[in-house]
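What follows is subunit A paired twice: with subunit B in the first complex and subunit C in the second.
Our next item is the complex of A and B:
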């Protein structure tokens, strides 16, 4: 019983829920600010994502007459729940061990695409032709970036599993992967894992729908795609989901490649974790975003199934050989 | 101060802009685009963002003299924007018809059909004028929310 309560608390307050939301919104604010500064603009205040969410709560909700009402209303809730649960599985080195320690890497892999699925669900339920185009694009993008992610996770799991078991094996416990790295050095500095790390950096803008890969929500061509018909509190929920997802994918990247700790005291470790996430975001999302335009869907698809795929495969083969 | 009032007061700092081209010659549209994009007149510092969907919009910027072909479409899109919304007429065309005034294909001025809150005259208006209109629209939005500034 206490375990259940503790689990719910982890999903709602500390690593998932409120904490992840605060970090996610802070990062989104920093992202917009830094992007503006890189383009020599002033940029919005750091708390802008909070203000946007507050604004959306005061707006009226409009549901299209032809929409499938239940699916339209439930899709954002579905995405939000998936991400709040997923955030509780991210271990923060030296602070929090993750909700479960058995095969949680696989659970995260299955929970990660839920926001994209929620966007597809909501988009197709809203019965707008633009949403339908956005739906098909979102689907293509998901297929394109999930495959390299699987290869990246597999190469990390194989390397750690091989080292722990001594023979062939894969370790799907994220906590064990983190602990192994604290003893044997970060995987991001391991020569055979550097291609996988680069592949993960390329995966990030795709999964976050950031600018070179914001094809499903391209506001200038298909006017926000699946999110077209959403407004008010429902759109705020989508933004909250996106903020949680920022925390999850960055936290996963830090846990997979740089989970080092610098002190025995947990607040320092927490700050160190946040700093590492921030650096990861600035490199892979903000810098790329402020300097590029938008790919076409076929270009993005081809890019994802060639470049990050080849890099991740490279790592997998290196793990196999060494 | 209640939570509702607090949210409403905050909400004015996040005006999302939506552009409707009602048959404009593109001069004002170019001016709007540069106002947002080029560093000198950064509109994002007020928390603004150009959004693609009318459902997300708070401030509507209408350009062009409202041609016969565009009239029904403009009205349809305008009615799709959730309340509270503020309407800004950018350029002299939506205000009076400009050089197209009394043309056979012109159905403007635009306030025959929808209530316009802010007029920004000019052909095209200066970026500073457009920025001022956004700031003015914010205070009108506050009034519409029932919070007099």
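Our next item is the complex of A and C:
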């Protein structure tokens, strides 16, 4: 009973739910601010994501007449729940061990595409032609970036598993991967894992729907695509989900490649974790966003199934050979 | 595969002005384009027939924002043609100068919007920043950022002091390297090339058949430019090249625009050097019963004005044809079998001006 309650606490307050949301919105604020500065704009205040969400939450919920009502209403809730649960599985080195100690890497891999699926669901339920195009693009993008992700996770799991078991094996516990790295050095500095780390950096803008891979929600092409018909609290929920996802994917990246701790005291470790996440975001999202334009869907698909795929495969083979 | 209809517009984020595309789409490929316009009809030609010649100079300047100067310029030329008025030489050069300054700003604006549609926000901001220098120039010299109100019948309103000439030359010194950098980015950045090269094709034969004008025609290798073909104002005395590119795609149209900015900078410099001293206006004496026309090269292509007078201070008929009207039809050819993602980009590549077309 207490375990269940504790689990729910982890999903709602720390590290999922409120904490992840606070970090996600803070990061989104920093992202917008830094991007603006790179473009010589002033940029919005750091609290802008909170202000946006608060404004949207006070608005009326509009449902298109032709939309499939239940799916339209449930899609954002579905995405939000998936991400809130997923955030509780992210271990924060030296602070929190993650909700489960067995096979959580697989759980994360299954939960990670849920926001994208929610967007697809909501888009197809809203019965707008723009949403339909966005839906097909989102699906194509998901196929493109999930495969390299699987290979990245597999190469990490195999490397750690091989080292722990001494023979062939894969370790799907994220906590054990983190602990192994604390003893044997970060994987991000391991020569055979550097290609996988770069592939993960490329995976980030794709999964976050950031430029140059914001194709499913391309504003100037299909007017936000699947999110076109959404407004008010439902749109706010999508934004909250996106913030949670920022926390999840960055936290996962830190846990997979740089989970080192610098102190015995947990608040310092927590700040260290946030700083690492922030650096990861600035490199893979903000800088990339400021230096590129949007790919066309066929170009993005080709890019994902060549570059990150080749990098991840490279790591996988290196793990195999060494 | 099934086709469905994608309504693009009349209010669409990528198209700044209200125009409605009815796209028949198969998957993500556009099969047919149907264009509906008429959302911003303002009855300007009827209004022109109720106002006197002086008032119409103000009215025509408000036809369009980006090529506002070209409209009042051509209108004034038409009135001067019908009344047989020859304007002072100084006014001719000052008019040409205002026209070329507007051209620089207009081309930069279109290029910036292209970057915006690609989603390249930094490049958009960068281009707009360069344009801002030209906007500052316009505000300092003429007092306005968009409508310069430089042309009036018989000459120009704003006479430029020698300090202003020096100031203009100083700003151009700064604009030129900035545009050179932009040209480099637009020509070599793989992201921009990947989204613009080989797309929105308008073969030369089609360009000739549809009678497209301006940078759209010159981007398809058709060498037409009113400034060269039938020089007006100060253009016969000024040296510049007609820019053409043969790639026939969005990329080549952008390159035409960016290259033309350099020609315009050169033209403004020549004007600064060659503007003679003297009066800037001449009075309108008498309006005959007659008709006349005038044409000029606006940033988007040829602007044509026709005027018929019946001896009073009000024109009986004022009719004009804008470049976007000729270029619209080319969209059908350009968008054939393109992707939905490129529709906005292709539309922007003809530099459409809906407010001109649907006055």
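Points worth noting:
Rule of thumb we're sticking to: the second predicted complex is superposed on the first by the 322 of 322 C-alpha atoms of A that agree within 3 Å, B and C clash if a C-alpha of one lies under 4 Å from a C-alpha of the other, contacts with A are read in each partner's own complex, and residues count from 1 in each chain.
One rule holds for everything that comes next: a contact is a pair of C-beta atoms (placed from the backbone, for glycine too) under 8 Å apart; a residue touches a chain by one contact, two chains touch by 3 or more.
Every value quoted in this text rests on a predicted model; they were computed, and no experiment measured them.
On the shared subunit subunit A, the superposed partners subunit B and subunit C overlap sterically.
By the touch criterion defined above, A:42 reaches subunit B but does not reach subunit C.
Shared-chain residue A:223: touches subunit B and subunit C both. Shared-chain residue A:129: touches subunit C; no touch with subunit B. When the two complexes are overlaid on their common chain A, residue A:9 makes contact with neither subunit B nor subunit C. Within the superposed three-chain model, A:59 lies in touch with subunit B and out of touch with subunit C [touch as defined at top]. Once the two complexes are laid over each other on the shared chain, residue contacts for A:22 go to neither subunit B nor subunit C. When the two structures are aligned on the shared chain, A:165 is found in touch with neither subunit B nor subunit C. Residue contacts after overlaying the shared chain place A:296 against subunit C, while subunit B stays out of touching range. In summary, superposing the two complexes on chain A brings one listed stretch of subunit B into steric overlap with subunit C, and the stretch in question is 96-104; the others among 78-86, 96-104 or 132-140 show no clashing C-alpha atoms. Taken together, the two complexes place residues 39-41, 218-220, 222-223 of subunit A in contact with subunit B and also with subunit C. Interface residues of subunit A facing subunit C in the complex, by the touch rule stated above, are 35, 38-41, 129-130, 132-133, 136-137, 211-212, 214-215, 218-223, 289-299. Subunit C makes touch with subunit A in their complex at residues 4-7, 12-14, 25, 27-28, 115-123, 125-126, 129, 191-192, 194-195, 339-344.
Interface of subunit B with subunit A (complex): residues 4, 6-8, 10-11, 13-14, 39, 42, 44-47, 49-53, 55-56, 58, 80, 82-84, 145.
Of all residues in subunit A, those touching subunit B in their complex are 32, 36, 39-45, 48, 50-52, 54-55, 57-62, 218-220, 222-224, 227-232, 235.
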